[in-house]
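What follows is a set of structures to go through.
Next come two complexes, and both contain chain A; in the first it sits with chain B, in the second with chain C.
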Partner chain A sequence: MPREFDFLGALVPGLLPVFLLSAVVHIGLDWACGHYGVYRYVWHRSLFRICMLICVFGLLNALLIK
Partner chain B sequence: MRASSRLRYVVTAVILLVAIVVARYLWNDNMYSPWTRDGRVKADVINIAADVSGIVTSVAVRDNQLVHKGDLLFTIDKSRYANTLAQTEAELASQQADKTMRSREAARRAGLDSSIVTSENRETAASLSSMAGARYLAVLAARDTARLNLERTEVRAPVDGYVTNLRVYVGDYASAGSAKLAVIDSNSFYVFGYFEETKLPYLAVNDPVEVRMLDGQATLTGHIESISRGITDRDAATGRELLADVNPTFNWVRLAQRVPVRVRLDKLPEGRMLVAGTTCTVVVKAASSAGG
Partner chain C sequence: MSALTDRLMSRPVWLRLAGRARRTGRDWLDSEGPRWTFVVKTLIAAFLALWIAFCLGFDSPRSAMMTVFIVALPSSGMALEKGVYRLLGTLVGCVAALGFVGMFPQQAMLLFISLAIWAGLCTAGSALMRNARSYGFVLAGYTACMIALPALSRPLDVFDLAVSRATEISLGILCSAFVNDVLFPRHQSEELVQKLRGLYLSFATLCSESMQHLLPEAELERRHLDFATDVAALESQRAASVFEAGDIRIRSRQLHAFSLAAMAALTTFHTLHQLMERLRRAGGSTIPQLMQPLFNEFNTAMLIGDGLARTAAEAEHTRLRFNALFRSMPGLIEATRRRHAPALDEAQMLDLETALELLQRLGAEFRSLVSIYASLPANLARIEADAAALPPAYSQTTPPGIVLAAGLRNGLALLILASAWYALNWPSAAGAVMIATIFCGLASSSPEPHRIIHSTTLGFTLATPFAFFCAFFMLNRVEGFDMLVLSMLPFLAAGAYLSTWPLYAGVGVGFNLMFAQMVAPENLMRFNAISFINDSMAQIIGLLIAGLMFALILPEHRQGSRRHIREALWHEASLACITVSPHLRHLFENRIRDLLNQLGMIRIFDEATRAIVNEAMVLLELGHAVISLRRATAAHADTPPEVRQGIEALARYFRQPQARTRQAAIAAAGAAMDRCQVVAATNLLADLHLIRTCLLDTTFDPDTRPKENDNAA
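Right after this comes the complex of A and B.
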């Protein structure tokens, strides 16, 4: 994965598509957690979700950019 | 109910801690790892100027052509310089004859008795002979200069490289010393990475470097050749009366300045084309000291 890529002539940092991808993954995970009742074991649902997004983003960043 | 509630707190706290660690890693990775998107390919650009003035009579190269050292680039009207050379050749011949005559005269008088020539006459002849010799040398130098000028009407490439921005045509007047075209030295390509000043502690001379061009072709490798030791201080101009004129506005939020780091490219892959001035990303592979 390059550090930056050409998007319709504009140069965009490589982190941007990774972030969009992690947002997509996060939507899936969020749905799964709701569907399988993970949120019953969570005290603060919004905090849990933002933490999950950060973790997914960091993981994808480590996997794709490194 | 109580155990379940404790579990709920623990799960949330654990993921919060993990997220903090991950966020810190992401921050450090972006802020302290030595890489920059602001890299430029550079090459030595040689401005070719005619050494003598005159009308351009022929242009031997096309724009963007590869030329080798010593190849003819363009020629300047030779007639004037050929005439000057012929003139100095003639002067040289005349001076040669004069010199021979004077030296024979002096030799003859030196051999004669003092009852026939006065010693003054003899000394004058010797002086005239050496003056004629000196004039001969001066004219010889003038002849050599004229010959050099005639040679310099053919402007040749000083290095192997590519002709760029060819703006010289037959009939143009080329003044001595004013550049008519640029040749990019094909053996001199290097990369300037503009690193933020905050990242300078994480790189050192000879660190291996990866260079990624925007064209998406294979990554090039190189080494840090040197780090610039100075950039312009934008806030301190010299004002009137030669006093410092320090900018009184100081931004609360400000950007790290960038320092040029020169990267020597390792051997290029066969057939790989580099264009001076294009953008690239420079990533230093072995950080000389751990960031964070």
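Right after this comes the complex of A and C.
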């Protein structure tokens, strides 16, 4: 993924699609954590959740952005 | 003096003072703590958004700040929910604006008409839903106007306008979500648990009081309205909790099942209660006395010690007792029947059979309610087992007349005002158009649009002099972001604190919005007193015009309008006679409760409201009897044709509630009963008897009821 790309004539930062992708992955992870009761063992559920989002976003950035 | 007093007296003064201070402090924390937490978190989120917007060099940083004030709500779940729908609405609105400007660049009238249609459609969607989603609809409508109207003179800028608007809103939402959910979490799911317990407790209390004859007369209608409000509140809290980290979202199905079970049990209870009341009113019937021992059994099974189950753990005990009751019930019923049958004539026997049938249904429904309640905190592995029975979700729908009126009002308002703006040549008038459109949309999902507009106008008007003072006497002397925060903080803190009082919430939110809008903090501040005065006047005039629109265009068609709700009730009852759906019973129940909830929104409990609630409850009884009859006739192909004719006659009566159709329905039900007795189809008799008694009940007569005065609402 380049740093910026041309989307229908508008320059879009490459981070935006990566962020959207990580949001989708995060929604799936969040659902799974709720379903398998992970949140029961977590002290601060919201903090845990946002940290998860940051980890996913960072990981995808490291993997996808050139 | 005793030793204790001596010791107390000998305590140093500072220790006693410290104790008193601690008590005072705790009192203050309990009452004022949540309010100030709200103020602190709102302001942190607002200035965080403003700071990031300054750093990134946004065109109008105030939009990010205003977004924070708009989505500031007490609980994390509610703030996240509103934020998500605000974001979605903004994105949809931006895309729509790009489309409209692309289609009609510099064609004022065509653009206005298309925007009016779009805003009207969005507002109609919002009036239809009446939940957090309706906010997203309103936003999609007015965002399109906010972007397309300024783009009229410079169409090439429309893309930049849309992108900056979407970016600013997203920034505000992200900041607000972060602060509300991570720094100051206040979980909606905990309040949800309280609401759930309250719902069970109020229903069980109602049953218990009725069975012991402790229920005051005229109290029943109010309880039904409260119950409908509680069910709707439970649903809205569930919808908000879904956005929080936790397991509410996988328990949604259980919660739906719980409210459906509670509604079904309440209806059966009401039918039984009304049957007993009618027999008592008629006098001379011994059936209520005969049933009393069974009622006592039921009542004892509900009690734990001398109270009702307050938590899910206690409900587990109730569940076990109801399982026991369920096993002994057939024996008790058979014994009652055998003992009293010889002394009763045919009509009384019919009453007894109907009452016994209803009691059995109530027992089964109460048992399933208690089982769902008891299984709520259980491990999720148990839920998967009964996931097959998928209950329909509680859905809110407003009667079509009100929805259409809301859409029409907003579309017309936009069209008239935008044309006036075009002809008027007052540059600030665009602000008035925008504000009027926004509030026509926002207030249309409320039963009291005038109250909303009135309190926001008050907030706007109050904020104007303070904003003037802050902008022209403070901000022009200071330098740097920290000084900007210090100058704006006291005003915004006052506004945020005001919005924590339910009575002044609108004033507080209006104050902060207007303040941020007029002070307009930007990287390069512009101090222009003339445009300040023009813009602030335009904002207030816009609000007044929105109020005028509500008064002028279809003022009677508002949320909670009793005439519309009454028509919708009869329409739903007629649908219950013809619709084919596996969940018809739950759908019908949902619809009637939702309409009752809308009736409860107007918070006027007078004779007219009571009469409509009474009518709704009789229609609910009739509808359920018809649905149960239809289910029985669908299962047996050899049902006598008179039963089907009876259902048709009833459907005709629901479509045209008149004395003539009513007599026809009574006669058809009677004929069907005679026929059923001949062919010994006893399973249908109880339902037919219920229909006939409901129709014969003289307190339920829509013709003789005095016309209600809708202006009172």
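Here is the rule we go by: the second predicted complex is superposed on the first by the 65 of 66 C-alpha atoms of A that agree within 3 Å, B and C clash if a C-alpha of one lies under 4 Å from a C-alpha of the other, contacts with A are read in each partner's own complex, and residues count from 1 in each chain.
In the analysis below, a residue touches a chain if its C-beta (ideal position, glycine included) is under 8 Å from a C-beta of that chain, and two chains touch if they have at least 3 such contacts.
On a predicted model such as this, the values are computed, not experimentally measured, just so you know.
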Checklist line | Fit-or-clash call for chain B and chain C when the two complexes are aligned on chain A | finding: fit
Checklist line | First, second, both or neither for A:Y41, with chain B first and chain C second | finding: first
Notebook entry, point to check: Given the touch rule stated above, what does A:I27 touch, chain B (first), chain C (second), both, or neither?
Noted result: neither
Check: So, A:L63: does it touch chain B (first), chain C (second), both, or neither?
Finding: neither
Margin query: Output check: A:E4 vs chain B and chain C. Expected answer is one of first, second, both, neither. What do you get?
Written below: first
Next item on the list: Check the residue A:V12 against both partner chains and state whether it touches chain B (first), chain C (second), both, or neither.
Entry: neither
Check: Which partner does A:I50 reach: the first (chain B), the second (chain C), both, or neither?
Finding: both
Next item on the list: Mind telling me which of the two, chain B or chain C, contacts the most residues of chain A?
Entry: B
Next item on the list: Considering only C-alpha atoms, give the closest distance between chain B and chain C in the superposition, rounded to the nearest Å.
Entry: 6
Check: Residues on chain A in contact with chain B in one complex and with chain C in the other?
Finding: 44, 47-48, 50
Check: Touching chain A in the complex: which residues of chain C?
Finding: 76, 159, 178, 181-182, 185, 244-250, 379-380
Item checked: Of all residues in chain B, those that touch chain A in their complex -> 4-5, 7-9, 11-12, 15-16, 18-19, 22-23, 25-26, 29-30, 35, 37, 212, 214, 216, 279, 281, 283
Check: For the complex, which residues does chain A have touching chain B?
Finding: 2-4, 6, 11, 13, 15, 41-44, 47-48, 50-52, 54-55, 57-59, 61-62
Check: In the complex of these two chains, what residues of chain A are touching chain C?
Finding: 10, 30-31, 33-35, 37, 39-40, 44-50
